[in-house]
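The same chain A turns up in both complexes below, where it pairs with chain B and then with chain C.
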Partner chain A sequence: MSEPALLPLVASLVDAPLPVSGIAWLDAMRRDNHEIFVAGGLPLARVEAWKYTALRGLARRPFVDGDEAALTRAVDPSALALPGVDGARLVFVNGAFRADLSALDALPAGLTLQPLSQALHADPDPLRFVLSRRHYEADEAFTQINAAHARDGAVLRVADGVKIDAPLHLVFLGAPAEGDLAWHLRNVIELGEGATLTLVEHHLASGEQAHLSTVVGDIELREGAHLHHTVLQQAASGASLIRRTSLRLHARAHATLHLAELGGALVRHDLRAELIGDGAQLETRGVFMPHGRQHVDTQLAIRHQALNTASSSTWRGVASDRARGVFRGAIVVAPGADGSDANLSNKNLLLSGSAEIDTKPELEIYADEVKAAHGATVGQLDERSLFYLRSRGIPLAEARALLTAAFCRAVLDDLPNEALREHLSSLLIDQLPA
Partner chain B sequence: MKDAMTIESSTATTLRDNVDVAEALGRSYAAGFVTDIEMTGLPPGLDEGTVRAISAVKREPEWMTEWRLEAFRHWQTMPKPDWAKLNIDPIDYQAISYYAAPKKQPKSLDDVDPALLETYEKLGIPLHERAALAGVAVDAVFDSVSVGTTFRKQLADAGVLFCSMSEAIREYPEIVRKYLGSVVPTGDNFFAALNSAVFSDGSFVFIPKGVRCPMELSTYFRINAQNTGQFERTLIIAEEGSHVSYLEGCTAPKRDENQLHAAVVELVALEGAKIKYSTVQNWYPGDENGVGGIYNFVTKRGDCRGDDSKICWTQVETGSAITWKYPSVILRGDRSVGEFYSVALTHHFQQADTGTKMIHLGKHTKSKIVSKGISAGKSSNSYRGLVKMEKGAEGARNYTQCDSLLIGKQCGAHTFPYMEVKNPTAIVEHEATTSKISDDQMFYCRARGIPEEDAVSMIVDGFCKQVFRELPMEFAVEAKKLLEVSLEGAVG
Partner chain C sequence: MLKIENLHARVEGKEILKGLSLEVNAGEVHAIMGPNGAGKSTLGNVLSGRDGYEVTAGTVSYNGIDLLTMVPEARAAAGVFLAFQYPVEIPGVNNTYFLRAALNAQRKARGEKELDSMQFLKLVREKLKVMQISDELLHRAVNEGFSGGEKKRNEIFQMAVLEPQLAILDETDSGLDIDALKHVADGVNALRSPDRAFLMITHYQRLLDYVVPDVVHVLAGGRIVETGDKSLALELEAHGYAGIAERQPAGASA
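Up next is the complex of A and B:
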């Protein structure tokens, strides 16, 4: 649905030269996705997946493609650290890999962690399958853009049977630049059979600037692999951050995700999980707390495709000021996925008359030996709980803060990394409306 | 499972109906017969001439013709909707005849073609003395023209206007003009626009201020002539403090070609008025191979225009090859109430995409949605709903419960609820479950000597009880039977 006259964002993407790798299949994939995007444009109107997220404002802004000075931007390394996260670290600043800020020495045996640019240079073939996709859907415009323009990203592999104890740290930082930049990152993560990994993905900013970034990630969990994945999103208050994460879980694989969406002006995350092996299990726990004029949109889609798979999702949203929180939680139980057990809960607090919550839990069931349930609520703090606290001498404002914090914290309860859990919890409390 | 599933509560009623089930097992679509009377009508095709011709045949005033034409012009610019989870073969709108009528225009019941009366007889519509016995006033629509209306006098004494739409346009133009299209505008959606352009007839109800309608009003719609889309238009207006309960029920003769039905129903409830609209929809669903059946694309909307008004939709949908229907309520008046109770059953290759919209505008408005979907065979059954709390919906409340029951491995049950909340004092709750009839439940019934089919129908009956409770009694009985017949062969 492109406009007759190209919008600045579209125009800048159409004009931006595609990265050239010299790898024939990769360059062909970039060209094809670029052409699909040019033909289809942005999903500006009447695309169901973008019903609640208007892109017109974003599309009217011009962005500079990539940051030429990314390697020399001053970044305080200590600002990147997170409590309880002490493993290897891979850092990207304005879309470019920063060896000086990363910690890649003495990687444990069986762990590969390197920037995509290096991985492609060393041996592109293992990446060929995952990087050869063409994205044809109208709602995939940003995936098309990312596929065509991403120059770097994280490549992470854990060999069969290897257990990595220290949490790995992926850092995506936006730094102030001369103009508003656009960059694109592509992550490829694979856990071998029986491998175990704890991973922390951190989006943050070292200043206030309205950059646009897209991050597309594939996470493959082979048979019996275990992944603990925590995502902390603290992008700059003017930033637009559009992510797509695709998980594939083979037989008996188990993934637990915790996500806290705190920053950004326009934030969109498509989180898709396919349970393709018998007995695969997925837990997602997320919280989004838009305030000011933030717009945070999470699109969770879980597909049960194999026998006896289980998924459980708990999401909390708190919208205040003039912010808007959007959530879609779609569960599909495909034909033959008998014995699936799926449940999803999305509870939201609406704290201001100018804020808005749009939520849409969906179930699509094609198998009959299934347990599936979802629930969603939008409301305010429970009057009786407030009364209880106040009757015990706690002032109203404090009682509200306490209850709101407890409401959000529910998604962090089963995060095993205590130091990280406490850190996230204090960030949530800081973000509560005064 | 919920209390609705308790087997004890449904045992008594179901055992009584075992006879009916056994009887029903051997029979195919019961209402599948064709009335053999000559039809006159317009040839297939649709253009401005068709719209003018329909208007002329019905001797409509100029404003009505213009209203239709405006809708038609708008319709031509509209894209066909494709968002519903339905596979619809392309419809050739030029291949449909937009007006069919019995040749003789009856003036009273005595003039009615005996073949027609026989048809109603078979369907069990209480006309003539049967109508008096049943205490129900009927405005029966046979294809496109109302053939008989009973109880006019009794209703007239109460001040209630209940007649066909064509008659209302001629006799009460000022009321029709004021309200027609005020709830569902002509350009509201593709099928509503089509209906506005070519609607043939329908029912008109006007309950004046303070009147409680002395009886339940009922219309039987019946699609008869081949290739005739039936486009009825119903308008119900309940003035301040009035009260009406309206029943709509449908069956259709067996046909191999898909027939299009695009109705529009508009309800207006003024201050303190209550409207209850109940539907049992049993149009021909197509055979077990998915051949034939009715396309049921309906726009139903109620407007709680006044404070303290209430609109309640109850529907039992077992028929039609494809159902596309979202009875909605706009809760405009403060403290107004909207309710939606639905049972949708699909079997063989039937597809249903149905649900409701509750648009809360007024303060302290309340809505309740209870939807029960049952899928069997290779069918697909979706609940699609919207609950919207606008900025002014101070203290508004919604509760939604959607349950799906799957019978068999090849069917689908889906839930697509949308919740949009802009007021921090509003509360919206949605719950949905999907399950199958559990082996435990079946074992319990079988161990007590209840045959498999009966056990299934008992459990289904329990599953739907919450909705059946809301139906007027005679409808509840019919609905139960319908479910049993529709579920034939679903197990085993």
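Up next is the complex of A and C:
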């Protein structure tokens, strides 16, 4: 297959010079991942994990590597604020760290929050293990690209036993530029033993553009650590955003994730969690609401690898207009992970005849005494409920909006931050077709 | 207030109502009784505008306007209320929010001023008192996890808040124990007024012990076959519906 080498996206990535850090192991990792990508190319439809997300349109477009003017792009700091999120803030604009927009003064004791570029400059060794990976899998092309090209990202550490009360805020903003840009960010997050953190990850745009960005993050939760992580994705309606988040949960660690995928033209999120310590617990709650011609793909993969681990996943999809949603929820209970409890539910609504949602729950169990349940549905609004509301005087359009919002809100019910929950809830309602 | 003439209606291609005629005046309580399959629930659904009920002949005039051309929400705003036989559970929609949205949508459609949350809560508290319902029910999702009795009481409570002119109660007594039945009946009686009419659709006579009707109709084979006063209900209770099919359709007079 010679086709991939000709694609403009691939050509612009091949042509872009790799960042040079002067750190030998890091630069070697970049070169290796770059070579793996050049050899393998983009995952086209023949790669199972990309079956429902066609990259042809994206591949036909060239992108400029990085934004030379990223430090001077005008951004209104007040537009970055989220209700209920008042802790330290780390901001990236078009892939570059913006100290002027960040809030990193007077960090609480036991908290490290800094851009990756600074962390590497100060002391690269603690990052060596996590940043040395070579990604050989055919479906990991964007992880290879990210590993080769990422210049920055967030490094966040909470020391053993430290509880951070105020929610931390990671902001990834896309700003309009002269052409279509590509940038890549690499996040490394670690909670020490018994540490507690609330984290909000916000992807947003300051104006219309059609940039491509990749974000790869590792999140490590040591024994008994506790993370509340909320992701609000409001990329520009022309933007392509490809993310991979990998979580590892040690013994009795507990992670609760809430994700709202609202923006973007082409959005893909690979969310992988490994429950590697006994008694680890994970909850994922997500909603994706593509409209217009948006394409939003979530690939959730959870591996239970230790005794008495628990995962619970509740996902809702609502597609309108000609939009497409894709959801894969794969749970593996590995040999020896006895006593595990896994459940996954993905319910979807189609609000138009031209919208499409492809959902695929998968469950593989190789252990004993496992409780597991999974289910997926695709349907329309319940006619009986609609009639009930209308019979009480609520007009059809309002009745549809009310039921759709209620359908989505189920994933926000256990978000403890009330101000943030109300904000997300109103964003969901705003997203509904009029 | 309500005048039904020669109403024919089909569900899934099958004719259920076959020439039903009925007239209800303001202030009256009419009971519609009949055996299973007679078309009782079809009548309620046709009057409230549910999809899937095709009217093939006849007219329904409500306060002089043609009810059949109106969408369900317009009928509600015009004062028609259906208490469902099987109230729908709507997870994620708070009962209070729902009721305020309904009331304000009706007020808006009628050109009246919408109620703010303070005014609405004041109204709700008054109605809760009259209905003897605990406010705990308000904080839950609409009908979600309600017992059969709670669902029916919630229907009557909604009726109290929305203050319809024509209330259609579809088998509101079914599935209730005697205490719940009395509660529901007390609620209905509290809402009786010279301006309001009730159409109570029921299979059994026992609700009529507590809500005494002015007129009793027997619906069988898609038509009103007999009309009388409350003693007709007692007669049906004593003798059952057997033999009704042979009776001739009654005249339109009540």
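Following the convention adopted for this analysis, the second predicted complex is superposed on the first by the 430 of 434 C-alpha atoms of A that agree within 3 Å, B and C clash if a C-alpha of one lies under 4 Å from a C-alpha of the other, contacts with A are read in each partner's own complex, and residues count from 1 in each chain.
Just so it is clear, a residue touches a chain if its C-beta (ideal position, glycine included) is under 8 Å from a C-beta of that chain, and two chains touch if they have at least 3 such contacts.
It should be emphasised that the depicted structure is a prediction, and the values quoted were computed from it without experimental measurement.
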Fit-or-clash call for chain B and chain C when the two complexes are aligned on chain A: fit
Chain B, chain C and vertex chain A (Cα centres) - angle in steps of 10°: 70
Contacts of A:D15 with chain B and chain C, given as first, second, both or neither: neither
Partner chain(s) touched by A:I365 [first = chain B, second = chain C, both, neither]: first
Which of chain B and chain C A:L403 touches, first, second, both or neither: second
Touching partner for A:E356 - first (chain B), second (chain C), both, neither: first
Which superposed partner A:D76 touches (first chain B, second chain C, both, neither): neither
Partner with the higher number of touched chain A residues, chain C or chain B: B
Partner chain in contact with A:R392 - chain B first, chain C second, else both or neither: second
Touching partner for A:D125 - first (chain B), second (chain C), both, neither: neither
Touched partner set for A:A376, first chain B, second chain C, both or neither: first
After fitting on chain A: smallest Cα gap, chain B-chain C, Å: 14
Residues of chain A touching chain C in the complex: 382-385, 387-396, 398-399, 402-403, 405-407, 409-410
Interface residues, chain B side, partner chain A - complex: 83, 389, 391, 404, 406-436
Chain A residues touching chain B - in the complex, by the definition given at the top: 48, 335, 338, 348, 350-353, 355-380
For the chain C and chain A complex, residues of the former touching the latter: 48-51, 71-73, 75-77, 81-82, 84, 87-88, 90-93, 98-99, 101-103, 105-106, 109, 141, 158, 162
